[in-house]
């Protein structure tokens, strides 16, 4: 099993989620995070001082999937999640040793 | 509620009243204005203007109650709080129009209850010193206030439908009966019981109703741990709670000073001063007391302290002096802190916003305080114990009547629709389970672009 | 807007008025006070006080509009909502000072438009029964109200600059012209059209302007999915929305009862009662209707229901009775729910806060309702259809005039600065893109220590 | 503050006053109402009603201050802001009752300070044209306002105990002395200095106190980076900030127009108009100026702009005309923006909400502006420089007195309890460290079920 | 060392936390996340439109523990964290290479 | 490639971020979390009841870096992120199998 951790644009999340659902992925965990990278921050003004906020809102999407799904799922995310502009984000892939369903105790691919 | 009559001018005044009121309700078009003004019509107009503005301020107190209750409860129940409060205003107004006013101010049946003027039929001929409609609206917003006090104490677990029915019963019957006894020509008022602006009529009635319904409901899930510890359940927004308290205090000036129903009654000035000082004393005593006890001034109690001080001077607002207001307000603040602790930890009645302590206990205290501090007749001003005993009697009788009738009302409602939501609904929040709604949908996603995962429209 | 004159006292009153007003505007120092008061000066003073207090309450409605609109839209646009609303008050006041008042209350040109008293020149000699300045401020806050209605319907996508220009055009021209026809001595008022406190003048004018501008703008991104489904976009704070509604209701007492511009006019009492009952009926009917339809009372619509009820009784506040208010208010609530659904799902006009339904549709409904429920002249009170037809005519004509002129205004503004922000700006939020600002910077980091990542000062 | 007397009616009026006041304070029960009304009693009643309603509005400004300060500071200090504001009202009322009123309105000692009527002893015999209690409550809420201005400037770092003591000193001594000079029969008023509703008495006094205490406190941690850059520390809720500004503006109508302490004084109409136009001009000028400078209208400054405009017309509200109000208000907005920048970046005084610029600087500007724009005596209206020089003198003297006495007060308090919390406490937030409390406990967990990790009850 | 990442019901968190504390685990990191899976979303109504929110609030509990604790800790979580109804959540187990205590620089099992 | 997951004090975050920036790290992902460990909770009082909140606010900083950067980066974090008092937090190091840039599909060290 692998865990895919995708840092992505909030604006693209809905679309990615739908495509993953169509592909057959149902389970996922979503976190609101902020990130910085190559993308420029936002310039704001407050009481006459201009400043830059360089942590931008991102969505972290975590998917635990079986090894054979990895390729297709990354494809879908690249396809649906990119705008072509800096700030589209990353997919990080981890090895995962075990997954357990709390309700039933099922393990491995059955748990996800 | 003090009702003025221009003695010695009755005939002329009544003529004017009759003339102007007839024109209002029959023609519903102002013709009075075409007459030249006289001192009498001007005084009448000023009294009307004063009473109406006071009524608007009391109406605005509902925004205060709503904010206080939202602030002191959890976010998952905020929409439910909103619904309860706005429906209380609406139900209060309509019910008081249909029956409440009749029970309260109709001709008395043995000092117990009024029994005519339902739907305000013939009410325009009644003489309150101002047009009946002005008097009515002031009374109607009071009735809703008494009902809304319950809302806070039963928050986060009562069924919306049950609350709705209870509000009807309180504004239609329980409050008007107490009101009749004291302000509507009933037996307590006749005895000389003094409750100028409603420490008992409004606050205790609301507070005791809250008490018995909170007991019947039981505590919120998680309030008392299995091993018996008290688990505080902090509210989710102190800023909204504070805003609510300041709105309530603002409205209270109308509540108290408006209870003259006469702007020509110069007592309004000292009543307003007493309302300022009573609240201030409540703030300071609560601050000092919690500072001493916990090493830090406790904000949630200081906010309640303002209200406790205000409730404590409401009965005596026209009878006590400035110093009396300071003493009663300060004592009210401390009594409230003690009461909150006793209800929370000893008697174990779960009251999320402290409504029972603030309105029930301080309402009773303030009423009794009149017997002590009334410049005219109070024990400490050499007036003997007579007034004090009458005040005590009123407090006890109202407690008995309200607690019994509210229990009956709650049991009826329970048998009809049930009182409390299921544990799962309570855990998930009333907003989603009772209203299919959430208070703060977009907050976390606030810089996101589209609302996340709104999913499919299913209907 | 009903203007009282002391018939039979005209000469004396005018003398007094002239004297006192001259002293105010020329010397700008009160000298009137040195005279001894007479019944006439007292009545005048009371009328002035009443109108001013009502004006303050109407002013406060802007806080209500701001909170409602913030609550019912997304957090990323909250600052933009704030800016639009506060600028509306400011623009409304200044524009109405410079030209609006002149167009509305200047000497009529064939019943169509007023054409003198620009910058209030010579306005102190006008006779409104109260000092012109008191009359003016009441009118000025009304004008701003009509404009601010638009703000909600066009929220989350209009350019700030475009909104700014549109507000100028609405308060400078569109609203004053309608106002002139009905309240300023124009042809509709002459015909006998009744719109006491502005269901048509204020609410429909705002609502129809909102309608055409919302159409020209188009729906928010994401409101309608590519396959045509309606995607609800919940607002981000029901508590602020509820606070706004209660503030609006509070202000509405000034809006309606203040429209007598006379505290000596005893109709104020029944007008206030009708304002309470109309709003209450709107709440209850919306609650009942959505409860039946969806199985749960819908909070977002119940809050709108209060406003719908209020708009529905505003035209007839001085002509209808209590029962009429209950019926009109209740019907208004249901009509609003239906209208929201039709606009949302059938006609597909995106109106984030329901302004078109609440103010436009219920404004028209309330105006027509006068023709049915006016105690004097209403169809249901045996008055025949004459008034009803006049009311219908007024509603239609105002709809045509406002929709055409607001379309023209919007097209002009579009050609000057464009109406709508870019899709990227809309997605990112107007706050950051139009104002370089965010509504809730610190909320997530609230227990953090320094604000995170404020980064470099670039200027 | 302008005090009216019915000239030529003094004897009769005094008799009435004496009678009615005696009855209030001795019997504390209204008996006046039983008399038939006369034009004089009606005028007196109307003046009283007007003053009281204005006092209620000024009281409500405290909700405005609270919301503005909460909105413009960080969430970790919101509870502390609430505590400071509610305690300010309470302390202000009580202190002004005990000594403040005596220092301000007691019989003058050489034009410097009043020295009798402590605890209002004998105050009922004073003649303010209205019952002393009505006059007192209006003055008391003013005193609290002056003190609360300080709260914003010292936010997020002052010790609660220190703030508490400073509030006592300001409302007990500093404000009353300035007030005595100008409104209480002191030397500046005698010179002809004009400060109608308190640009100097209230706003500058608050502003200059804020200035010196902010200097003594130093900037918040993180406000200036080690290499000297200004780090903006955005507030956490623009919606609450905006609500606060609108509440303040609403209350300001009472603040200014109520300062006639007479509803029979027809100047109230134009004062209200000036209050609307001054604030509007402040909004528009700030919007335009920041739009030009930064390419976007700056919301945080536009909100301050409304207040800056209002402060700038407060001194002259009864002396200037509409156009003067527009000019002063607009100039005030721009001066405020410049002042904020200078304090922030040049002088480096950290003032989280801009209180020093809005109240101190614009207060001084508005006071001087009277010397320019007073229709009667102003330089631009051909009145020569005399008034202008008196105004300048007053501004300078009040600046000197307030800054010296507030410095002394702050040094005394510092030596007693210390002024500033520790850096660790500041970083962790005053809420948790000064009050053991948090403003938004449940917000993140809002859909969770039980409050997470409330842990053990330790007491 | 292993990292256990548990996605769980907010309502069960307190109970799990207490049980872990009794067992001897003191350190943990908690994040508010939202997730979807088999569990049905919430139906809401807004201005007359009914819709489903299918991301539900969950708690993500992260525990870094030594290899030998894994079994017992998963047992505790399964025991205390399950209601038996869909939506109880998962435990994902990762291998972790190193843990360092920032304060002292201690590494490995001493750091956790 | 490694992922460093640092749980740290909010008050130290800005300083760490700046130091990392100076070192050359540009990309990072930040989450607001709460945690408990050895550090004492906060004591609060509400309506007269005193209680302890033992989940304290922390910042989780996630950095994906190449293997050779690990040592220096952990040094920087230890240097800049510690106050010496309990509660400074931890660094957890994971092995990461792949990183993909959504925008371009670049992989591995090029993606981060």
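Which chain is which? They are A, B, C, D, E and F, in the order written, and residues in each are numbered from 1.
Note that in this section a contact is a pair of C-beta atoms (placed from the backbone, for glycine too) under 8 Å apart; a residue touches a chain by one contact, two chains touch by 3 or more.
In this text the structure is predicted, and so the values were computed from the model without any measurement.
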Least hop count linking subunit A to subunit D through chains in contact: 1
Fitting subunit B to subunit D on CA atoms, where both chains share a sequence, rotation angle to nearest 5 degrees: 120
Geometric centre distance via CA averages, subunit C-subunit A, whole Å: 46
Chain centre separation in whole Å, for subunit B relative to subunit A (CA means): 52
Whole-Å gap between the CA centroids of subunit A and subunit F: 18
Multi-partner residues of subunit B (at least 2 other chains): 39, 42, 46, 49, 53, 230-232, 234, 237, 243, 294, 296, 298, 300, 427, 432, 435-440, 443-444, 447-450, 452-454, 456-457
Set of subunit E residues in contact with two or more other chains: 11, 30-31, 34, 36, 44-46, 49-51, 55, 94-95
Subunit B partner contacts - residues on subunit C that touch it in the complex: 2, 4-9, 39-40, 42-43, 46, 49-50, 53, 57, 74-76, 221-222, 229-239, 242-243, 245-247, 249-250, 253-254, 257, 260, 262-270, 272-273, 276-277, 279-281, 283-284, 287, 294, 296-300, 302-303, 306, 318-322, 326, 374-376, 427-429, 432, 438-440, 443
Touching residues (chain side subunit F, partner subunit B) in the complex: 44-51
Subunit D residues touching subunit B - in the complex, by the definition given at the top: 20-21, 23-30, 32-34, 36-39, 41-42, 44-46, 48-49, 52-53, 55-56, 59-60, 62-63, 66-67, 70, 78-79, 82-83, 85-87, 89-94, 97, 120, 130-134, 136-137, 140-141, 160, 237, 240, 243, 434-444, 446-451, 454, 456-457
Touch list for subunit B against partner subunit E, complex: 427, 432, 435-438, 452-459
Contacting residues of subunit A [partner subunit E, same complex]: 3, 26-31, 64, 94-103, 105, 111-112
